[in-house]
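Before I ask anything, here is the structure I am working with.
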């Protein structure tokens, strides 16, 4: 049901259909994605699977679920950088786990504030950001990209971890609406702002384009991601389906249960994709 | 015209009159203040001068103007940490400059993003934050509290400045309104959020208390500083006067011109204080 | 032992509330109905001195600064208590939320991941380890992967750490100096022997171990009415199961 | 020399607009009407490829993340151009916004302070040094205090720096390899000798120096109508003074 708007601009931002938006993402791209409750671009994820993208480096800010499970099951992923992958009450992330066991991608386990800090570092153009905690963990031991230095502001020995900035090519997420200039309403989901600042460009799906100016009032501007960060927008009603979108719509529990059952096996997942990804028996 | 509400609570936040709010600040306190255009608690500043506070460490996030000029003129300041002190088109900050020349306080010159970064470090509980730039400046040379390390993520020599966290005792500012639970509307003035996160407590004056719940909607929550950070609120209509409050009221140009003229000399400033600070011929 | 006048969950909730006394700010994470109810009960008993942030709640979530604010609060020293679990927990209070068996990252069992534990465990002064299952599968001599390490007393920066471990059988206090758990109380209906049989790590055990304090009638009433209603917003299924009377009353 | 068909300010604005060609994102700081007008003019000529953020504007301020966002944009490499001035500027492009004479911090003259210069000068690829006053008081052999250093070519991280210095008399390009200014053009009505007389630092000077390109009629019309209206929102007094016809028309 995506409107086929063709090449177009809102403000200075390209307004694209779902497949053109997905086409901006090349094989091997590093993409940042939000947690399941924060506005996941699931319709765009299905479009990415249809394009048979390969070797994506997915940075979960700071965790993920269905999106990574599907991308892993479809063989799109080369690296997963996350603090957790969980389908919550809908069961185990079987496709993610199977692909991990089969060494189909590189796993970079983190802890939530470490992902946030490394994303914020990129958003400030910093090479690294310090973080407390992590000492003595096997997380640290398995992350050769992290370093421990001695805090130079303490006289006594005070080791502290430095995390290199994470600079994604794209922040990819779904939001309630964009305004006529391509500004996107993100409410208090400030992890979306951090992801956008850190990334070269943000690819955003929205429920709708509204003929308003989010920057016109202090109230609405406070919850806005400004258009300067955005590389493309697609208007996709129910674009987070079957996940929830904030308090706008809820998880599709029946569908998630169905997914949880079908995705137990590679064959079941393939059937799921035939039906809901390739045949587009989905929201879009 | 401050309402004398006495000891009271909104949510879990003490609702106080101006003088009780000022009384929370002891001699020698480290306070963080915003720039002239972002909501300065000028009525509270006058109350602080009436209390003859001494040896304040004022951290300007990242610059200041009238507030620091008056506090310096009144002899309240022990340290100024800032990227600039300017009255803009209302002329030179004579009281600040005279006190500086007379060595009445310690001067810590910075650059705007350095103040922001050090405040953000405290808001994250980090001992320091890195910042690009600054190399080769006399700012760096005169800040022994700043350190230069070699970026451990680069193979070649890459010096980078580390700034120790700034942890104020109080963030002090003026905002349009608080809700019935003590949450404060700050719009997109995110430097106020950063100041509040960094400080032990925030002392806030507001134009009014509104019988609403700012956390009730995503729109209003996005521009809200949550009550957990706030140590006291006073309801002070025109509490930023003679400075502006966002787009709610403008600079009182005639008064600022008068201030600029009177504050040229110590004697003139004393007369100004007699009239507008001690006699309270001001908004409050 | 006859049927108790309170349920297992009610004992856990009221025990948690007791452990949170004196906190100013408490937060609970995902999928945490019992810690959430315990925190809300403690708040109700605090006389307005405690704030509680329940992840997933609308009415009891005061954070405005995105997912990072909880961690920033902990870094600032404002977050007094938090709850962590573990697929494995060992006798030095190391916890494992990543996986067991095999060779990391190709572990035989894979759990979701470490979430915020690798940070919060170090920063929050009163971490309550909470795992209902009390078995040698969970409470192991040594975890296979350290998502977050128990306190080492090695002088590194560590304002936070575990105060103890609460399970379906007992409450272990954690002795930070000795880096060991000490059996503090056994829940009514269970025994020290039962705890020992189902615990895979060594722990200190006094000659006489108290029974975990049972909630009194007033607290149970408060829990079954106001607190059950408050937590139902976030965990309706939990309330339907544990407080069926409230659910039946249509509250 | 007879009266020019354009004002000094109009020449400066159109010169700035030319220097900004090809930028995607330009910002101007406080008290910067001429850079602001120049940026808005460049945007109007860019065919929708340039964003401009005018500090103090409502209609031309797209930042939503507080005072820090401009600096974050620069750190991200998104901010292509910015303007800096200086109480003193020297021949190696060091700038001083703090004070002169005496011993810091008790300088004989104190200016407001360094603002964001100590950072932006290092990060923004196209910094235009802009100071209307062209005198030996301002353009000195060596600044008394370095608020922000000229490029050193010492291998330290420095994607940004000055492309040149625009004054009431001329446009100096900055040669980063030689770490020296080169006189690129002298404004109509002025001479190389005049520049030399009023400049306190050494600079390179070709045998023949062009005149700064005068704006053509189309650009002047655009500037005097649409651009003047746009910048009037933020700088009404400036527009009243420099574009009195527009102001008189009540636009």
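So that you can tell them apart, the chains are marked A, B, C and D in the order they are listed, and the count of residues begins at 1 in each.
Everything that follows uses one rule, which is that contacts are C-beta pairs under 8 Å (C-beta built on N, C-alpha and C of every residue); 3 or more make two chains touch, one makes a residue touch a chain.
Quick caveat: nothing in here was measured; it's all calculated off a predicted structure.
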What chains touch subunit C and also subunit D?
A, B
Look at the interfaces A-C and A-D and say which one is made up of more C-beta pairs in contact.
A-C
Measuring between mean CA coordinates, which chain is farthest from subunit A?
D
Please work out the Cα centroid separation of subunit B and subunit D, and write it as a whole number of Å.
30
For subunit A and subunit D, what's the span in angstrom between their mean Cα positions?
40
Distance between subunit A and subunit B based on Cα centroids, please, to the nearest Å.
37
Where does subunit A touch two or more other chains at once, residue-wise?
124-126, 131-132, 158, 160, 188, 193, 221-222, 247
Which subunit C residues touch at least two other chains?
63-65, 71, 75, 123
So what shape is it, when you link every pair of chains that touch: line, ring, star, complete or other?
other
Give the pairs of chains that touch; include all such pairs.
A-B, A-C, A-D, B-C, B-D
What does subunit B use to touch subunit A in their complex?
117, 124-132, 147, 149, 151-154, 158, 160, 162, 164, 186-188, 218-223, 246-247
Contact footprint of subunit D on subunit A as seen in their complex
9, 12, 122-126, 183, 193, 197-198, 215, 221-222, 224-228
Applying the document's contact rule, which stretches of subunit C touch subunit A when the two form their complex?
30-31, 56, 58, 63-69, 71, 75, 97-98, 104-106, 110, 112-123, 145-149, 152, 155-157
Subunit A residues touching subunit C in their complex are 35, 37-38, 61-63, 82-86, 88-89, 93, 97, 100-101, 103, 107, 109-114, 116, 120, 131-140, 142, 156-160, 188-194, 247
Contact footprint of subunit B on subunit C as seen in their complex
25, 48-49, 51, 61-65, 71-78, 123
